[in-house]
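Below you'll find a set of structures to go through.
Each of the next two complexes has chain A plus one other chain: chain B in the first, chain C in the second.
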Partner chain A sequence: MNPSGRGIATGRIWSRLVQIAFLAAVLVLWSLATTVWGVSRILLPNPVNVWHQLIDVVSSGAFIPDLRVTLGELAAAFAISMSLGVSLGYLISRSRYLIRVFEPLLAAIYSIPIILFLPLYVLLLGLGPDSKIALGATISFFPIVLSTIAGFGYVDRTLVTAARSMGASNLQMFRHVLVPAALPVVLAGLRMGFTVALLSVIASETIASFAGLGHHIVDLAENMDTARMFAYIVFVIAIVAFLNAVVSTLEGRARWR
Partner chain B sequence: MTSAQPAIRVHGVSHQFGQAGEARHVQALLDTSLEVARGELQCLIGPSGCGKSTLLGIMGGLIAPTTGTVTVSGKPVRGPMPRDLAFVFQESALFPWNTVFENIVLGMTFQGVAKAERRDRARRALEAVGLLDFAEHYPGQLSGGMRQRAALARALSLQTDILLMDEPFGALDEQTRMVLGEDLSVLLSRSKKTIVFVTHSLGEAVFLADRVAVFSARPGTVKQIITVDEPHPRKPSFMTAPKFHALRDQLYGLLHDEIRKAISETAQPRRRYDQAGAAEADGDRA
Partner chain C sequence: MAVARTDAPRLAVPAAAGLRDRLLRHPGIARLGVVILLFIGWEIAARFFLDRDFISPPSIVLMSLGDLFGTPGVPSALWLTLYEIAIAFVLSVIIGAAVGLAVGLNRFAHQSFMPIVLLLYGIPQITILPIFVLVFGIGAASKIAFGVSHGMFPIMIAVAAGVQKIEQVLFVSARSMGASRWQLLRYVIFPHAIPSFFTGMRLGMSGVLLGVLLAELYVSTAGIGYFTSIFTENFDPTKLIGLVSMLAVIAIALNEIVRRAELHYARWRD
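Here is the complex of A and B:
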């Protein structure tokens, strides 16, 4: 019976309603554009057609081979960047000198658009999954290694000193002080790494590839099959949203309050 | 009176951060000698940067002095001595991801207390500081004063003869500080622990200490020792006694010139240089 609490709750419902209304308005405008205003069906398919195509894509299972390729690339890329990023980040964090040398260097490289290396990776590794894995791993390595350095390298000295004064062994220090202190920062880096790995795998599929969801979308575009292409885009958005939600939930669970 | 051997003996300790000639070179302590008697509460007081916190770290084996020796109960200090002494720091240094109870148990785990004993001892320590009802709280849910009580409980649970307290009430407001000071005095009268207590506050020093070691400005060394002859537990009424004021004025007289000296060289950008330096030296060893 807290009036201000109820106020916040109604406010939340209202903003949800506005969000839904906004999406509905976009759909209506989209529909009007294809019917009343006569925008070419090749450039902008009718939403109803897109919906039918989406049903078909999902029910026929036509997406499975491409999804398998994309998720396989993502899993390999993330596994590489996670193991390399966390272990190298931890090693660098153990020395002030290494932090001073490598943290600015890695941050500088992180700020350049690494997708520029895709042509090189394609040249070296071919048009298959390997070049996508390499690019995804390269791009996601940086947020992971940087957050691992930040997490382990800047643990509150008072806590470390206190643990040492009470006789903590190196293993106890790692398990009970360093890991819990670093975990929230490292997990945030892993989430970010996952997101950019997914992004770069799909993006590089659209640029040069044989298979994968990104590849399939470009294929449909080139065949002017825009309704099905839109259906695939919606499908990929749903997959990405689902994966990001899973990763965020895992991150939230592992955090201390 | 009974045992001739002091609890802590500091002999000819000098400490510098950085090498001579370097820009960051600081001579924190110069040829300091000091004895802490068994069962006494000794306050270390002095201007900022005089190296009193550094000396506390050296006593506890957290910092290796450049020269000189420290013995605790006759044993030379070469590193942390968790069985002989426990620390209480200015910031509570409780692990924020653990509850108060878990924090205390973890301290005993580090020290090597048998598992069966830990929970019981943690409960008794919390009782001693009046925090039993807050055992399952996280440090972030407690006030500053309660956090320091919890940190004190953790130190007590380790059952060491000696407590080293580095401005434990420094970040608290005046009233909380006074109440915790009274509690500490009661605790001391019961437990017969030896306590070394670093402080900036003249009143706190006189109220708590059996003896006050007054430090000179950097490079710090003991300028004079003042005895406060008043039994524990001390009552708030002690603070209004003429003796209290006379001692406080005497302390201020001793410190006044040193504080001026310290302020005149505050070209140093960091206020609490002694602690910052200590943390750095610590990091280099880790």
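Here is the complex of A and C:
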């Protein structure tokens, strides 16, 4: 509420301090809970222990097979949903009528928690990577197709008319009017699709599978190896954050061009 | 001349083109047609081309719903899931609205805690699902807790954003008219926060559904997850599809209720 610039600046420093204090308090409470209050090691491992395990997880390289499985499933799922989503979305976007028929339908299906399909996919495709790929592709198809429709279907009419009246061919229209106008929306959809594909692959590994990052966490949980499980969770969260950051950067680059 | 040319075919519409014309004017009918075609395709594929151990045609799924509800434990598992969703939703709304108001009303609190809320919201929560089950057990508690952890953040963020958008003029004029703190909350903040509150509830409901269903599917020794794994192991696609469809119906109905509520209150604002 302080209107002066200096007040806002000091406010910012204070809120940084509050954030640091908050994180420190969480860590202190965590270690107090494990050392002094005697919370069971199985429920809450000691933070120092978790840190050692995390170093071990990263340095031993034992995560590589699981990471490879997860990334393979993710790549296949995203390749399917990207090619289907963008091409179907583009075809639908070419007609106002098709947009009005399909867009509400796709949006309605997207609002169902599609994770419900997982048991059906497991029955159809087994516990291996195929069911994870199918689920990841299904879930990520929707944001991609919907944003492709939104991107190509709602290009400013005056742009299209202007290009036509200047005698643009269909190809020129596509290359110089439609794609530049639609690209930011489509790229945002692809980024979202990538994120949900990654999360649903990990989710389906967690629920039913033999391999992958999600499955490894469950394995550690079932063996009550909680310290290593915490470490592995931190590791997986870091990988997810890293992949999302890479995709966001790629999106930003592509948008600039 | 050009006008006459575009008008001519419309005048000459023969009776046979009536259906086409109607479809063109009402995309909803065509949409329904697409859904029916999809179901017919599924029916034909399942009846004649695919292995019945792995997939069932929709007609048989529908006819066997009675069987499904006759399976001991299935109705109570469905009820329990509905109960978990309800409790998780109520808790998410309470926690989300309280934290959202607290963080949204105070600039300093917003600056300090909003980044933490966003950071927590950004964590891929599926990775910590095993911790929830470890701590809260395989019963309803872990599912409710996981639903709340998915549902509360969108509500917090929407409510905080909605409260922040309230114009300062309103606060100043209410205060200059001598409004107390409570009156400010009751007559300025609440009415203006309602649309974003309902937006938050819609997003929160999809979060709660996702969280509860993830946890239900993950725990394979009780509840829905027990039956999905049993039906899968027994190659009983009829019951599996039936059960999944029932859950989808629950999800669609709940989503629709909060979506309608949001639409209603968004209109009320203007």
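The rule we apply is simple: the second predicted complex is superposed on the first by the 234 of 257 C-alpha atoms of A that agree within 3 Å, B and C clash if a C-alpha of one lies under 4 Å from a C-alpha of the other, contacts with A are read in each partner's own complex, and residues count from 1 in each chain.
Basically, a residue touches a chain if its C-beta (ideal position, glycine included) is under 8 Å from a C-beta of that chain, and two chains touch if they have at least 3 such contacts.
Treat the numbers as computed from the prediction; the structure is a model and nothing was measured.
By the document's definition of touching, of the two partners only chain B reaches A:172; chain C does not. By the touch criterion defined above, A:180 lies against chain B but remains apart from chain C after alignment on the C-alpha atoms of chain A. Of the two partner chains placed around the shared chain by superposition, chain B is the only one that A:157 touches, whereas chain C remains out of contact. More residues of chain A lie in contact with C than with the other chain of the pair chain B and chain C.
By the touch criterion defined above, A:37 reaches neither chain B nor chain C.
Residue overlap on chain A between its contacts with chain B in one complex and with chain C in the other: absent.
Taken together, the chain A residues at the contact with chain C in this complex read 1, 11-12, 14-15, 18-19, 22, 42-43, 97, 100-102, 104-105, 108, 111-113, 115-120, 122-124, 198-199, 202-203, 206-208, 214, 217-218, 220-221, 226, 229-230, 233, 236-237, 240-241. Interface residues of chain A facing chain B in the complex, by the touch rule stated above, are 96, 157-169, 172, 176-177, 180-181, 256-257. Here chain C touches chain A in the complex through residues 24, 27, 30-31, 34-35, 54-55, 107-108, 111-113, 115-116, 122-124, 126-131, 133-135, 206, 209-210, 213-214, 217-218, 220, 225, 228-229, 231-232, 235, 237, 240-241, 244, 247-248, 251-252, 255, going by the rule given at the top. Here chain B touches chain A in the complex through residues 60, 62, 80, 82-83, 86-87, 89, 91, 93, 95-97, 106-107, 109-112, 138, 140, 158, 279, 282-284, 286, going by the rule given at the top.
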